[in-house]
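If you scroll down you'll find the structure; I have some questions about it.
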Amino acid sequence: MELKGRDLIAYRAARFLKDGDMVNLGIGMPTKVADFLPEGVEIFLQSENGFIGIGPTPSPEEWDKDVVNAGGQPSSILPGGACFDSCMSFGLIRGGHVDATILGALEVDQEGNLANWIIPGKMVPGMGGGMDLVAGANTVIVMTDHCTKKGEPKILKKCTLPLTAAHEVDYIVTELCVLHYNGEGLVLTELAPGVTVDEVIARTEAKLIIPETIGCMI
Amino acid sequence: MAKSKVVSPSEAAKLLRDGMTVMMGGFTNVGSANKFVLEMVKSGLKDITLISNDAGNDKFDGIGTLICQKRVKKLIASHAGLNPQVAVQMNAGELEVELVPQGTLAERIRCGGTGLGGVLTPTGIGTVVAEGKQIINVNGKDYLLETPLRADVAVIKAWKADEFGNLVYRRAARNFNPMMAMAADIVIAEVEEVVPVGEIDPDMVMTPGVCVDYVVKM
Amino acid sequence: MELKGRDLIAYRAARFLKDGDMVNLGIGMPTKVADFLPEGVEIFLQSENGFIGIGPTPSPEEWDKDVVNAGGQPSSILPGGACFDSCMSFGLIRGGHVDATILGALEVDQEGNLANWIIPGKMVPGMGGGMDLVAGANTVIVMTDHCTKKGEPKILKKCTLPLTAAHEVDYIVTELCVLHYNGEGLVLTELAPGVTVDEVIARTEAKLIIPETIGCMI
Amino acid sequence: MAKSKVVSPSEAAKLLRDGMTVMMGGFTNVGSANKFVLEMVKSGLKDITLISNDAGNDKFDGIGTLICQKRVKKLIASHAGLNPQVAVQMNAGELEVELVPQGTLAERIRCGGTGLGGVLTPTGIGTVVAEGKQIINVNGKDYLLETPLRADVAVIKAWKADEFGNLVYRRAARNFNPMMAMAADIVIAEVEEVVPVGEIDPDMVMTPGVCVDYVVKM
């Protein structure tokens, strides 16, 4: 396999999903997960603005003006889909009906905290449905570049930005490794091909728990 | 979308175990799984805690059959006056009965299915229903804190299903079914008609298939 | 007019309703209100089991098995009606969308308390939707015979039976008079033709507030 | 059933007054009253508190038009990132912004419309959203107490209405509209099509006409 970078992240994140799961994919990188589903795994994508069964992006001529995804972009609904209001949508999210939410991070830390909705003074878009998704989904999977573009760590001892949710992250998937928050700390469970433990430690601010056996991301 | 959830009545009945908490939809047997309930009785099921709006009656098959056949050790309902067996068994110490106002029962089940920790309702303030409950004042008005209800199994009744379990209810037969379909670990739907996936318009789906585990056509 | 007894009660109760009101009528005597609506007053009857627009009782051949009223009896739905689940039904009730609920009483008292759901040790049917209706509807109108069949007062200083709701009654309509609970006590606002203040006082245990001017029920 | 609720856009716009709290349905303008909003602007309406999922954008007419035209003094929303004018006016001290998680916003509006005093949600625990709010523990888990939201006027958008105001929504355009239709003193619905009473099957009604005061076809 020659998977690298964000493709590798998407490939590995997709392996957390089981056949029949209902999944919510965040805007941006997480949408790539749909392209890397394992054979035989069919998932149902929830769009938190009000439906299950996100289909392909329609051409401008085919677009139904009443169908957008949670990013506000033209979308479609697959046969077998279902529409509902916002209370029902977030009822599904908080109620344990969404098996996994996969989303990006500005920062994530060794206490399972996630910050991804605001940079005070710079970017104040609002949390949208993010706080509900992270607090409510059964499994919270963070997809992120291991470091910022400037090479600074994003996986911290303690988030400095306002949190999206506290202690709710289950897995962090980067181009270097998979980390699992086990309720006490971050366990380094898998490495990307060719990546060493020391390399991950060097590029991570958070204290990592290093188990005797570490798997491979592919 | 996905494999068919349609199973035989006897297969579905095997999912129920003695001592389980079971929700059953319906209002005076309208919108109750009046046929599947006979499979439940036939399977020998006993000692269940039953959560339903009422206790059916002692004349027709339905929820009342479980009471008349002494399969219920505890009943949580809003009304039981149409089934005289409830009073008989209650007075004999064979059946525990917890009465909950109908609107509160609906909200408590909704909380159980949507991940809410409770709701504040004015219903029951100043009555026996308030006993032992927390009273919380919001904007100068007192409310009772009512907490979530969940079940091991919900046995619901819909008019039409597709093979993925998307459900449509009819008329006054909707009642508690949509909330119960979200508030149990296993959800079994008795339906009158099963159609292929894609035949139900997404806007007409009243319970999304992701909430339903088994569909029984009877 | 030769209105007497329960016809007079229903006639007068109907005069509280305005054109376009959504109204919930309790089982028994309150259903008579629909027969005494003033000219030009069209109301929408809510059935708390799940629809608006209660129509005439169908013949056995015409009955739709999915349509019963809140008493569990065969009913019909008028054109323009709407069906919903129990959460929505009681959301309408608690949310101020039901303009009036008209129901019977076992006891009612000078503090605006109503008891109409249980006689401990004798009749334990459950409150059904009654507690929600009395706590939630905008106007609570009690229709009752002024005294019991034995001639004992039903309008008391203090209810002895478990309450349905506290301080929620707005009007009490009997064959003798109309009483208004103004938040502090029961005001005798109207008398039936030929009935005197003294007669009402003699047959009422509650202390009544007697205003200077008292109207006539017809 | 009843008189027609259909009025002209200008008649409906007269119901809105400076300083009012106004709810508007929609998610990124899908399910928003994008045509009626122009009547609101034309009427000179200003200083409103706007409750909506988001702030639309600054490119197309819709909710964003009210922001861009500086008619809003306070915005309560879950997300405002697609309309840069929000940040501009916020930083200039011209616009107050209160951010609410999307699922919580939906539940708070639902509480406002259904007579509940609040709900307990896990969303926001451990974040800035929890500041100043009561934390209540139920069954060992912490929840935030979130309180009701109501408005003077709700301006909603439906696909189809009958003359009585029974509404049907389409696809992802349902979102906040059904909850808002219950949570305001005056409810105005912009619709694409009006049909005679009786043409919408009672099971297909998503918002009952009793909740809707005015219908505007645009």
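Points worth noting:
In this document, chain identifiers A, B, C and D correspond to the written order of the chains, with residue numbering beginning at 1 in each.
FYI, a contact is a pair of C-beta atoms (placed from the backbone, for glycine too) under 8 Å apart; a residue touches a chain by one contact, two chains touch by 3 or more.
Since this is a predicted model, take the numbers as computed values, not measurements.
Chains that touch both chain C and chain D are the following: B. Mean C-alpha positions place chain B and chain D at a centre distance of 32 Å.
Work out the mean CA point of chain A and of chain C, and you get 55 Å between them. Centre-to-centre spacing of chain B and chain C amounts to 29 Å, using the average Cα coordinate of each chain.
Residue positions 51, 77, 83-84, 87, 90-91, 93-94, 136 of chain C each touch two or more of the other chains.
Residues of chain D in contact with at least two other chains: 107, 110, 115-116, 121-122, 169-171, 174, 202-203.
Every pair of chains meeting the contact definition is listed here: A-B, A-D, B-C, B-D, C-D. Across the complex, chain B meets chain D through its residues 107, 111, 115-122, 134, 136, 138-139, 141, 143, 145, 147-148, 168-171, 174, 202-204. On the chain C side of its complex with chain D, the touching residues are 20, 22, 42, 44, 51-53, 77-84, 87, 90-97, 136. Taken together, the chain D residues at the contact with chain A in this complex read 27-31, 53-54, 77-82, 87, 90, 97, 99, 101-107, 110, 121-129, 159, 169-179, 206. Contacts from chain D toward chain C in the complex involve residues 1-2, 110, 113-116, 162, 164, 166, 182-183, 197-198, 202-203, 205, 208-211.
Chain C contributes residues 47-51, 64-68, 72, 75, 77, 83-87, 89-91, 93-94, 113, 123-132, 135-136, 162-167 to its touches with chain B in the complex.
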